[in-house]
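Some structures to go through are shown next.
One chain, chain A, links the two complexes that follow: it is found with chain B in the first and with chain C in the second.
This part shows the complex of A and B:
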């Protein structure tokens, strides 16, 4: 009875929202045109990267902060059972991992570089690199992570700290995260490189600290 | 009806399925999956509505990209908490008392 009522309510919600969506007025603000008008000042050539790192940079700054926070909480609640054993080695998977991981590293660096002018960027690069680390672990070639040492901690926090440092340095000229057009390209590449390292380590850590 | 509108409507349906799942399912792993379904539906609505004029809008796309990464982190956090609960109680179901006292 209760079950049927909840399903009916959810269906009613969906139907109402779809009816409203079909009758939506045109947007009052033309955001693509606004982005296009300032692309020359952004320091990159791809609009999504320009929005992520320049026009709405504080979203990305808070995002990497949220990720770091999530990892810290995962570390706090993860069970500590000494050094975890490697998964059973499977020769086929090991061979695949040995072939695929160097290519994944290459693809990760390419994605980071390509983000300036086509789809790509720090998030995609970090995800590919983290997947490479998880693949190495699942193939039995790399152990799971226990407590992070000093170097790993620096790597995990680097993206957030570099981004925060750039934001603080830019505060000197008045506005938070407003890149001067002449420096925007170099600063975005610096921030994205640090973000890639940290995102890869954090995403890999979310898996490897728990396994 | 443009492609973007179809994406947005699909997103609404996914979101509604996710809401029903979060309320109805007891197993925490399924509840986390349903929550992810809600998130995916919301992302699809944002991206779909952004491109209903025919050309993609970079602002919602960047927001959804940010959202996906945060959703991955939140899911990992939820899974870590679920494992902690399993270690403490031996099950993946919230104790019934807490569900009524807290906000679930």
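This part shows the complex of A and C:
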């Protein structure tokens, strides 16, 4: 009886939600048109990258800051002895990792480069690179380390610091993160490259330090 | 009924089914595998909705990294149970 009532309520909720979603009012601001009108100033040819890195770069800056903060918390609570190397996995997984990881590196760099004019970008590229690192770790091919060294720490923070540096340099002209159109393409590529490295290390670190 | 519409219907049904099975299955390992399947179906849905950027992120982070993390968590939980 109770169960039937819950199922009925859930079904009613779902139907209400669907009806409401089908009847959404038109948005008050036509964002796609606004983005399309300024695409020439953005320095890239793909609208999603233009929004993420240029028009709403502030959001992306805070996002990478939050991810870095999450990793610092993980480092603070993770056990002190660092990451141990797993024993070598069976030959099939090892061979797969050896074949797949170079291709994943290639795909990651391609995604970073392609972000300027088609779907792709730093987050996707970073996720692919992080997956490659996790695969190496699970196959037992990645070395162990005791504690994150100086180079790893710099790599983890590079994306945030480079983005912050670019933002601070641009602050001299009076507005936050407003790229001058002539420089926008190069600056976005610089920021995205640093973001890719940091995101790959942070995502892989969230995995490796927790496991 | 066009082939695209039939595919969408099939995709929506498979998505709902895999979501339900993920929540309802008692075996935790099977639940994680079903979650990965759900993530891959979700990738197809984003691609069908003409949102390739989100599809890429979903495939890499939702299905790939989260799936691996959950599988690893199961391994740790099982190891703890034995000792």
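We take it that the second predicted complex is superposed on the first by the 182 of 211 C-alpha atoms of A that agree within 3 Å, B and C clash if a C-alpha of one lies under 4 Å from a C-alpha of the other, contacts with A are read in each partner's own complex, and residues count from 1 in each chain.
We take it that contacts are C-beta pairs under 8 Å (C-beta built on N, C-alpha and C of every residue); 3 or more make two chains touch, one makes a residue touch a chain.
Owing to the predicted nature of the structure, the values given are computational and were not obtained by experimental measurement.
In the superposition on chain A, contact of A:203 is made with both chain B and chain C. In the superposition on chain A, A:48 makes contact with both chain B and chain C.
Once the two complexes are overlaid on the shared chain, A:180 sits clear of chain B and of chain C alike. Look at A:165: by the touch rule set out above, it reaches neither chain B nor chain C.
Once the two complexes are laid over each other on the shared chain, residue contacts for A:111 go to chain C alone; chain B is not touched.
After overlaying the two complexes on the shared chain, residue contacts for A:123 are found with chain B and with chain C alike. By the touch criterion defined above, A:102 lies against neither chain B nor chain C after alignment on the C-alpha atoms of chain A. More chain A residues lie in contact with B than with the other chain of the pair chain B and chain C. By the document's definition of touching, of the two partners only chain B reaches A:21; chain C does not. Comparing the two interfaces of chain A, the one with chain B and the one with chain C have residues 48, 123, 203, 206-207, 210 in common.
For chain B in complex with chain A, the touching residues are 1, 5, 8-9, 12-13, 15-17, 19-20, 23-24, 45, 49, 52-53, 55-59, 61-63, 65-66, 68-70, 72-74, 76-77, 79-81, 83-84, 87. Here chain A touches chain B in the complex through residues 3, 6-7, 10-11, 13-14, 17-18, 21-22, 24, 26-27, 31-32, 35, 47-48, 50-52, 55-56, 59-60, 63, 66-67, 70-71, 73-74, 77-79, 123, 199, 202-203, 206-207, 210, going by the rule given at the top.
Residues of chain A touching chain C in their complex: 48, 111, 119-121, 123-124, 127-128, 130-131, 134, 138, 203, 206-207, 210-211. Residues 52-53, 55-57, 60-61, 64-65, 68-69, 72-73, 76 of chain C are the ones touching chain A in the complex.
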